[in-house]
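Structures are listed in the sections that come next.
You will see chain A twice below: alongside chain B first, and alongside chain C after that.
Take a look at the complex of A and B:
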């Protein structure tokens, strides 16, 4: 399954709208401006997403996972290389501790950051694409990127993968937003996207 | 009665009443429908009289903060929200069941807000909001303690036990860091190596205990003269002490070294085996403007050779290599 150019552009717009709302919530939390952008959206196989991590499937990552169910089912994951997640939490908390790993409390902070981001993005998707969804609470997972991504599903499964860029206090942190979709959900996403594009074209 | 079905409503009420975390149930108008005893005790609220009251009337402090924003978002989207202790330490005015209820004694909280799924709401007849509050005060205290210990261990691993200045491990780390920094910023980096004159004779004459005290005193003098934040003083070898001076040219480093030598001599610590009867130091000074391709240990080798030269020229002096000597 592939995304056409119009579909891609529509998704980038929807997701940028979503992370924009998350950015204002995170700015309040951090006490300084947080800028979030989604430069790229792709519908890929898991293998291709693993390849994006430089093929280094043993690379350690921190992930925040939330599942959303309703018109479609998806596991939404916000994934950072371990060192990047540590920096993000340190910047958000405003401490400069020489930490080597995320402690219990820092993991919870990461869960909150992920929760704000995933909720805002999914709320916008649900609004714009007219999909009714219910969400779960966030969970943090630490481990190799292969473990996090291949948890229970097969490697051929399509993933919607977005790159997310955080800019806080002139520092830049990059992570990935990944939506695990089953075949039905991927088809549903495409049809709802087509409907959105048609609505936009009719309005124009 | 069957043991394979869920307990009755009354049974479930008993369970909720004894759960060891805060449970607060609101309706969509944000009026309290239920608050469990755990929460009421810690909020210092009476067991009766909360039901039916507006949330922000009971907890006016929640207005305008993160809690209100996240609760609003949860109501709008139906998606659950998490407020972590690290980013929102103590949103609700909750305190230990006994003791003072002052702002600094607020319990550290982790809060979860959930909106009842539409399907369930239809069956129940109304849509409720569930707020769960965990007391993470002990976990926060434990992590703080661990961090403090980690920092102390880190500091200890980099401290020389005798002189209380940095040890060789610390020096190597700082040296590598400052060399890279000087390379990036195209700034000079200077190094002074100090050595106690005739320290073997000192030890032989006064004994090792006195020798240790002497080193400690010398280290104290050198450290008291390294005043800028990035200056580093470390015990480099037996009786050798290194002073790393970022952003310093050769002239500045020579002056600094001479100042140390003068201070130590002026203290007039007795040393019968010394040339003037008092304890003195020799110093080797080197300064470099690091360039890509220049070996990082260049400065160390040059300071070491300069120190050797100072010893050979009669001790109690500062020396540096002339350009011709370095070739």
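Take a look at the complex of A and C:
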């Protein structure tokens, strides 16, 4: 999939808006601002995506995975260090339950946090590009970054990867939102981006 | 007689948070939970709620279809869709069905909005 400069910028902007919505949802739960990087959009192989994680590639992470299908096919992942997962869960359920009591519901709480954040991003993308997406139910995985990212894909397959790092400073939580767009949706994506660009130009 | 609220959500954590936030608002409603749309339809055969919070993305019957079937069974029930599926298409579908739509996360503000809607409808 090759995107023109305007299409690339429009895609980054659409995901940027979506990530902003997700940050707003997370910030409502955390009660403090969530710091974000600008989404990095690149056409990469999975191997190249893995390489970007550098030395962290074998770090154990918790991940929430959801697939979205429709005019776009994308695999969305919320990834963060496994050691931080209980802190993330506590953000959701509140401070009243002690950490040691949270273990039992950790997986379910992570799934729900992933569900909220990933849907926030994809809903904005869907609204901006005027397309409807069907999301799968969230699944929680635990493993090395390489295992989580490589699931069900050929390592050499080219993918459009979008990555955003987020941080909740006082809670010592950081993680990534990763969206892997399948090239099967390239033509539709390009046509939806073209329509968005035209709308924006007409409004300008 | 106390009003009855049925919380339909496949996430145990969401159900727990909804219950706790509803209770913190001081309403004296009877609360029950259902883990899916199918379970909710089964449950209302023997426990008739006045109000329902309904998730959308659940295993089996989705929240829209479950809510429609619930209303066919209980025409006076008031349903609020409380969901992370915040796409415009979902909001529009809720509007077409005449159902109030509240986006997750389940914060105090979100639950206040849900409870106020139920109280106004009662």
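The rule we apply is simple: the second predicted complex is superposed on the first by the 149 of 204 C-alpha atoms of A that agree within 3 Å, B and C clash if a C-alpha of one lies under 4 Å from a C-alpha of the other, contacts with A are read in each partner's own complex, and residues count from 1 in each chain.
Methods note: a residue touches a chain if its C-beta (ideal position, glycine included) is under 8 Å from a C-beta of that chain, and two chains touch if they have at least 3 such contacts.
Keep in mind that this is a model prediction, so the values were computed, not measured.
Colleague: Please indicate which partner A:48 is in contact with in the superposed arrangement: first for chain B, second for chain C, both, or neither.
Modeller: neither
Colleague: Check whether A:35 is in contact with chain B, with chain C, with both or with neither, and answer first, second, both or neither.
Modeller: Neither partner.
Colleague: Between chain B (first) and chain C (second), which, if any, makes contact with A:150: first, second, both or neither?
Modeller: neither
Colleague: Taking the superposition as given, does A:103 touch the first partner, chain B, the second, chain C, both, or neither?
Modeller: first
Colleague: Among the partners chain B and chain C, which is in contact with a greater number of residues of chain A?
Modeller: B
Colleague: Once chain A of both complexes is superposed, is A:6 in touch with chain B (first), chain C (second), both, or neither?
Modeller: It touches nothing on chain B or chain C.
Colleague: Taking the two structures together, which residues of chain A meet both chain B and chain C?
Modeller: The answer is residues 25, 28-29, 92-93, 105, 108-109, 111-112, 115-116, 119-120, 122-123, 126, 132-133, 135, 137 of chain A.
Colleague: Give the list of chain A residues in touch with chain C in this complex.
Modeller: Contacts found on chain A: 21, 25, 28-29, 92-94, 105, 108-109, 111-112, 115-116, 119-120, 122-123, 126-127, 132-133, 135, 137.
Colleague: Once bound in the complex, which stretches of chain A touch chain B?
Modeller: Touch list, chain A to chain B: 25, 28-29, 68, 89, 92-93, 97-99, 103-106, 108-109, 111-113, 115-116, 119-120, 122-123, 126, 132-138.
Colleague: Residue numbers of chain C touching chain A in their complex, please.
Modeller: Against chain A, the touching part of chain C is residues 10-14, 16-17, 20, 57-59, 84-90, 104-105, 107, 109.
Colleague: Spell out the part of chain B that touches chain A in their complex, as residue ranges.
Modeller: So the residues of chain B touching chain A come out as 66, 69, 73, 76-88, 110, 112, 114, 117-118, 136, 139-140, 143, 146-147, 151, 154.
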